[in-house]
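Each chain carries a letter (A, B, C and D) given by its place in the written order, and its residues are counted from 1.
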Amino acid sequence: MDSAQEYILQVQNLSKSFAGVKALDQVQLKVKRGEVHALMGENGAGKSTFMKILIGMHTADSGEIIFEGQPILSKHSHTQAALKKGIAMIHQELLLVPQMTVAQNLFLGKETITWFPWWVNDKRIHQQATALLQKIGLDIDPQKKLKRLRVAEMQMVEIAKAISNEAKIIIMDEPTSAISDKEVETLFSIITDLKKKGVAIIYISHKMDEIFTIADTITVLRDGKYIDTKPASQLNSQTLISMMVGRQLTTVFPQAAHTKGEIMLSVKELHRKHTFSHITFDVHKGEVLGIAGLMGAGRTEVARAICGLDPVDRGEMYVKGKKVRIDSTKEAFAQGIGYVSEDRKGVGLVPGMSVKQNITLASLEKYSKGWFVNETSESAVVSKMIDELRIKTAGLDQPVKYLSGGNQQKVVIGKVLLSSPDIIILDEPTRGIDVGAKAEIYKLIHQLTAKGIAIILISSELPEVLGLSDRILVMAKGRQRAIIPKAEATQEKIMKYAMEQ
Amino acid sequence: SSGSGGQAGDENKIVVGATMLSMQNEFVVNVHDEMEKKAEELGVELIVNDAQRSALKQVEQVESFIAQKVDVIVLNPCEVEASSPAVQKALAANIPIVNVNSATSTTPTAFVGSDDTEAGRMAMRFIAEKLGGKGNVIMIHGYMGQAAQIQREKGAKEVLKEYPGLKLIAEQTGEWDRAKSMSLMENWIQSHGKGINAVFAHNDEMGMGALKALEDAGLKNKVIVVSIDAIADALQAVKSGRLDATVFQNAHQQGATAIETAVKIVKKEPYEKQVLIPFELVTKQNVAQYIK
Amino acid sequence: MLCIVLSVITPNFLTLTNISVIVKQVSINALLAFGVTFVIITGGIDLSLGSIVAVTGVVAASFAHPDTYPLLVPLAIGLLVGIAFGAFNGFIVTKAKVPSFIVTLGTMTIGRGLALILSKGRPVSNLSDSFNFIGGGSIAGIPLPIILLGVVFIICLLLLKKTTIGRYIYAIGGNEQAAKASGIDVNNIKLFVYTLSGALAALAGIVLASRITTGQPNIGAGFELTAIAAAVIGGTSTSGGVGSITGTLLGALLIGVISNSLDLLNVSSYYQQVIMGAIIIVAVSIDTISRKKGD
Amino acid sequence: MLCIVLSVITPNFLTLTNISVIVKQVSINALLAFGVTFVIITGGIDLSLGSIVAVTGVVAASFAHPDTYPLLVPLAIGLLVGIAFGAFNGFIVTKAKVPSFIVTLGTMTIGRGLALILSKGRPVSNLSDSFNFIGGGSIAGIPLPIILLGVVFIICLLLLKKTTIGRYIYAIGGNEQAAKASGIDVNNIKLFVYTLSGALAALAGIVLASRITTGQPNIGAGFELTAIAAAVIGGTSTSGGVGSITGTLLGALLIGVISNSLDLLNVSSYYQQVIMGAIIIVAVSIDTISRKKGD
C-alpha cells in the first residue's frame, strides 16, 4: 500500500485542453520524497503543460493534485502559493528578467526583508548570490545584467534560482538543453545533494544518458496520455524509447560516406574584438564541419558573424572561391548561407505568427508573384515541409508559440531549409528535441550533404559532433585550437583542445 | 425620444440646431446658457452640439443638422474660413443660418455678435491713455489663427501705431490658457524685469495668469494689466483693484438675440441681418454694474 | 464583437443619408488610422499625424488658389510634404534608433510650428473649386471622401494581408530579431511604414483642407490619439505584431458612430465625453474577455 | 548626456531666480512624469493624467472657498479623486486585460467630461488664501511647489530603487511571465502603479489649481504627452523594464529649460515649436548613439 507519507506528490486524472486540443488526458504521477522522477515523452507529449499546472501557471480542466497529503486547487493561477508550499521549477523557456542583474534575478520575489518592510538590501542579495553561485560552481559576476549572459549561463542562473528556493520538490524542465557536460556534472552533484536532503526532483530531458544516470523512477507520457511508471533499473534506452514513441526506433547516427567536393565556404583569420580571433577554416560541398567547444568558447559568435548578424573587425570570407562581404542576414541568404540559431525564441521564431508564415519567412519571395504572396504554393510547400520534418501542429495556421519546444525547433530548421541554402550553419540544432525527432534531423543532415550542401554543425553534445562530422573544429576561449579529421577524433582529444588555455 | 429633429414630435415646434465653438470656454458657455434660456422662453427645441474647437467637426455637425432637417441653424464659428463650408451647405439646403459671436467669410442669413477688432482697440487705448502714450507693452495672444486672436491683435496694433511712444517689447501666445500665460509672464519678468509697463492679454483667463505672476513677483503696482471678456473672476479682480480693466463682451445679449433672430427668420418675421452688440470697457469705476 | 456593438448602437440612425454622413466624417480619422496601424504593427507609434495633416493642408492650400496652378500641383506637393515627414520619422527611428514615440513627438511639434510659420498663423483660404471638390464633391451620388476611403482601404488591406511587405511588417512587430535573422531588411520596411503613414496623413490633410475649404495651421491637434484609438479598439496591439486594417476601420466607425449618435440624441457635450470614454472601455473589455474565453 | 545638453543651454539663464522660476514651472510636469514613469516601466501607459489634473483641480477648488472647510478637506478630497481614477485604470487594466492605452484614453475622456460637468464648464474661483498658498507660497524663500517636488522626488526615487515594490515594477516590465513565475503578484503591483500615477496627478492638479487660484475644467489637455516625453527623454523605455526617476527629472528639466530659454530669447512661438521639436530629437539621438558606443 502506498502511504501518503511516502509520496510527496500525487496527481490523479489531470486533464487540460487548449482551444479544443487535448494537451493532457487523465494523466497521473506519484513522486516520492528524495527521488529523482523522470518524466519522459516526445515533443508535444504534454510534459511542460503538466508541470506548469503543478506550479500554478496553467489551470487544469479537471483532476486532483495532492501535495504532502493536502489537495492543491488547480482552479486559479497560484504560482505564489505553489512557491510558498515548496514547489519550484526550472522553466524550459528561460523565465528571467533580461534588464535586471543576475543577483536580482536569483532573488526575485524573495528579497530579504530588512529593517523596513519592502526595503531591499541589494548588498545582502549580492552576497547571497555570490555564495549561491559559488556553491554551484558558477563563475558569473552577480552584478552582470542578465541580457549580457550567454544562453548557457542564463540556464545555469535559472537552475540556481530554483535551487535557492529551498523547495521540497523541484521541477526541472529540460535544465540541460543549453549547457555543456561540465555544467551537467555540476547539476548532477547538486541533485545528489538535494536527494540526500529528501528533496524530490521531477526531471525532464530528451537526453537518454542523463536519464539513466540520474533517474530513480520514470513516468512516460505519449500524446497527452499516461503510459506507465517504472523504476529506471527496469528499463534501458531501447525499451524506454519504445514506450515513448510506441514503436521501435533504431540507428542513431546513420553512416553514409560523404563525398567531399569543392570548397563552399572559406573563412580566413576572422576576428572580432573580445569574442573570437584567428578563425580559419574551409567547408566543402557535402561535408559536415563540426564545431566543438565548452560553453562560452565563442562558437555561436563565429556563426553569427558569418551570417551577418554581428559585424567582424578583421578577416575574409570566400563563398565558392569568391570573396564576399556579409553585413546582413539578407546578404548571407543571398550568398546561400542559412543559419539555425541556438536561441529559437529570441532569434529563430516570430511567436505570434503561424507555422506557415514562420517557415516561409526567409524565402517568401520565392512563393510570391511580384509583391503578392501566392498562398496556394506557399501552403503546398509548407505542408510538405511539415510532413518531412514531422512537425506536430494543429495546422498550418497554428501560431508557433503554441507548439511544444521541440516542434518549434523543427519550424526554425524548416525555415532555413526552404531558403535552399548551399551552406547551413546549425547551432545546437537538436536542443530540446526528442529522440525520434533527433534521428530525423540526423537523417536530414545526411540527406542535405548528399545533395551537396555544406554543413557547419555546432553542438555541445560531443557524441553528436563525433557521430555526424567529417572534421571537427575545436574552439576554446574564442580561439581556434585544432581541426581534427573524423578518423582521428575522440572525445578525449576534443576535450583536451577544448580545455586549452 | 430620438432627437432626430423637425419631422418628429410636435408639428409646430420649431427646431433650432446650434453648434458651439467649445463648451470648455466660459464665454461660450455663457452664450449657450442664454440661448437655452431664450429657447425655453420662446418654446422652441434647441439641439446643441459642441464642435470642440474643430472646424471640421463643426462642418460635420451642420451636415448632420441638414440631414435631420432642422428649421434653422445657429453657428458659433470656430474659424473664419474653415467654418464657411458649414454656412454654404446650410444655405444650399435652404436652411437659414445665424452666426453668433464671430464671423465667417461666407455671409450667413444673419449675424449677431461683436466686433473683436473694437475690443482690441478699446483695451490698447486704455493702456495708452494710462501710460500717457509712452511705455513698454507686452501682448499675450489667444490661440494663433483663430478669429478672435487675429482681430484682437489687429485692433490693438492699430492703436499701437497711433502711439509711437508705446513699444511692443514681447508677444507670444498663451493659448487662451491661464497657466500657460502665467509661465510666460514669469519668464518675461526674468528677461524684462521692471521694463514692463503694461500687459494686454487677449482674454481674461490669460490676463489673470499674467496678473498672478506679476503679483508673485511684487510688480503688480507698477504694471497695467488689461484683458477681454469680463468673466466673473476678472470682474472681482477689477473690483478689488488688482486688474486694471477688462472689456465686457455681452454674452447674454448675444445668445438671446441669436435665438430671437433665428426664430424670427423661421416665422418669416422681419429681422435685422446684422446685430452688433458693442463692447464695454469695465474699470473700477463702473465694475459694480457688471457684477451679478 | 465590435460589429455587434456597432449594430446595437446604430439601428436608430440607419437612414441612408446619416450613414453617408457618418462615413464621410469617419474618413479622415480612418485614413490616419490605417497608416498608424502599419506603424503600430511594427511595434512603433506615430504621434505626428495631426501635425502632418495641418502642414500638408496649409501647403496644399497655398498652391490651390483659383487660376494659379493645375489641381495636380497642390495634390502632389501636399503628398510630398507628408511623405517627407514620414520618411524623416522613419529615418531617425531606423538610423539613430531613437524610440518612435520621441521622434514623432518631435516632428509633431516641428510640424505644428512649420504649419504656423508657412501660413503666418492665418488660415489659407480662397481655394479653387476643383480643389474644394475633393473633400466636398460627389461622384454618382457618393461623396468623394467615401470613394477615396474605399480605395485606400482596399489597397491597405491587400498590402498588409497579401504582400510580402505586409508579412514582413507583422514579422518585425512579432520579433524583430527573428525578422532580421530571416534576411528581412528591417530598416527598409520600417522606413516604408513611417513614410506610408506620413503619405496617408497627407492625403487626410488634403481632403480635410478641401472639405473645410481652408488650410488651417492649427487643425488636427489630437487627431493622432483618435487614430491610434481606432487602431487599438480594432484589435491592433501596441506591443506590435498584431492588427488588421478591417479591425481599424471598425474601430474608426465605432468612434464615429458613437459621437454621431450622441450628437443626434442631443446629449450635452460634457456627458458625451463621459459616455464616449465609458463605451470605449466597455466595448474593448467585452471584446477582450470574449476573445479570451474563445482561447 | 542630458546633463550636458542642459548645462550647454542653460548658462545664460543661470540666475538664481530664474532657476527657481524654471523649477517651479517644471514641477507640475515633473510630478506627472514621475507617476507615468512607474507606469511605463511596467510596460503600460497613462494618458489620463491631464484630465485627472483638471478633475482634481475642479473638485479641490470646489471645497476651497474661503471660510468653508479647513484646508485638509480640499486636499484630501482632491487626492481621493485622483486615487480613484488611478485605481479604476489599474482595475480595468488588470482585470479586463484591456490595453492601458485604451483604458487611460477612456478615462482621459471621462475625466474631462466630469471636470466640465462638476464645474458646469466654468472655472471654479474665489479660493481661500491658505489653499492658494500651496502653489504660490514659499517657505524660507523656497517656493512650496519646489519643496513638494523635492519630497516627492526622493520618495519616488527610494520607492523605485530601494523597495521590493520598485524591484517588482522593473521585473514586470522586463518580463511579466518571469515575474509571475517568481511568485510576484503582478496584478497588485500594476494596480498600485496606476493608483500612484493617479495620486501624483491629483497632487499636480491641486498645486496647479492653487498656483492659478482657480479650478479650471479645461486645463491639462496634452499634459500627458509632455509628461511621457519627459520620462522617455530621461531614458524610460516605452517597451518597459527600463527607466529611472532621476532620468525623468532631467527630462522634465530639459523640456522646461528649453521652453524657458526660448521665451526669454523672445523667439516667436512658431519657431519655438520647431526648435523644441528639433532639440528633443537631437538630444535623444545623441544620447542613444553615445550610449550605444559605450556598450
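Criterion: contacts are C-beta pairs under 8 Å (C-beta built on N, C-alpha and C of every residue); 3 or more make two chains touch, one makes a residue touch a chain.
Per UniProt, the chains are A = Sugar ABC transporter ATP-binding protein; C, D = Ribose ABC transporter permease.
Keep in mind the model is a prediction, meaning the values are calculated, not measured.
Centroid to centroid, with C-alpha atoms defining each point, chain A and chain D lie 44 Å apart. Mean C-alpha position of chain B lies 32 Å from that of chain D.
Centre-to-centre spacing of chain A and chain B amounts to 70 Å, using the average Cα coordinate of each chain.
Along chain A, no residue makes contact with two or more other chains. Residues of chain D in contact with two or more other chains: 116, 121, 269-270. Shared interface positions of chain B, defined as residues touching 2 or more other chains, are 23, 144. Chain contacts here follow an irregular pattern that is not a line, a ring, a star or a complete set. By the definition given earlier, chain contacts exist for A-C, A-D, B-C, B-D, C-D. Interface of chain C with chain D (complex): residues 43, 45, 47, 92, 96-99, 101-103, 105-114, 116-117, 121, 221-222, 225, 228-229, 232-233, 237-239, 269-278, 280-281, 284-285, 288-289, 292.
Considering their complex, residues 12-13, 15, 17-18, 21, 24-25, 28, 116, 119, 121-123, 125, 136, 208, 211-214, 216-219, 260, 263-266, 268-270, 272 of chain C touch chain B. Here chain A touches chain C in the complex through residues 18-19, 307, 309, 328-330, 332-334, 339, 341, 346-353, 357, 361-362, 364-365, 368, 371-373, 415, 419, going by the rule given at the top.
The part of chain D that touches chain A in the complex is made up of residues 162-168, 170-171, 173-175, 177-185, 241-242.
Partner chain C is touched in their complex by these residues of chain B: 2-4, 23, 47-50, 52, 54-56, 59-61, 63-64, 67-68, 79-85, 105, 143-146, 150.
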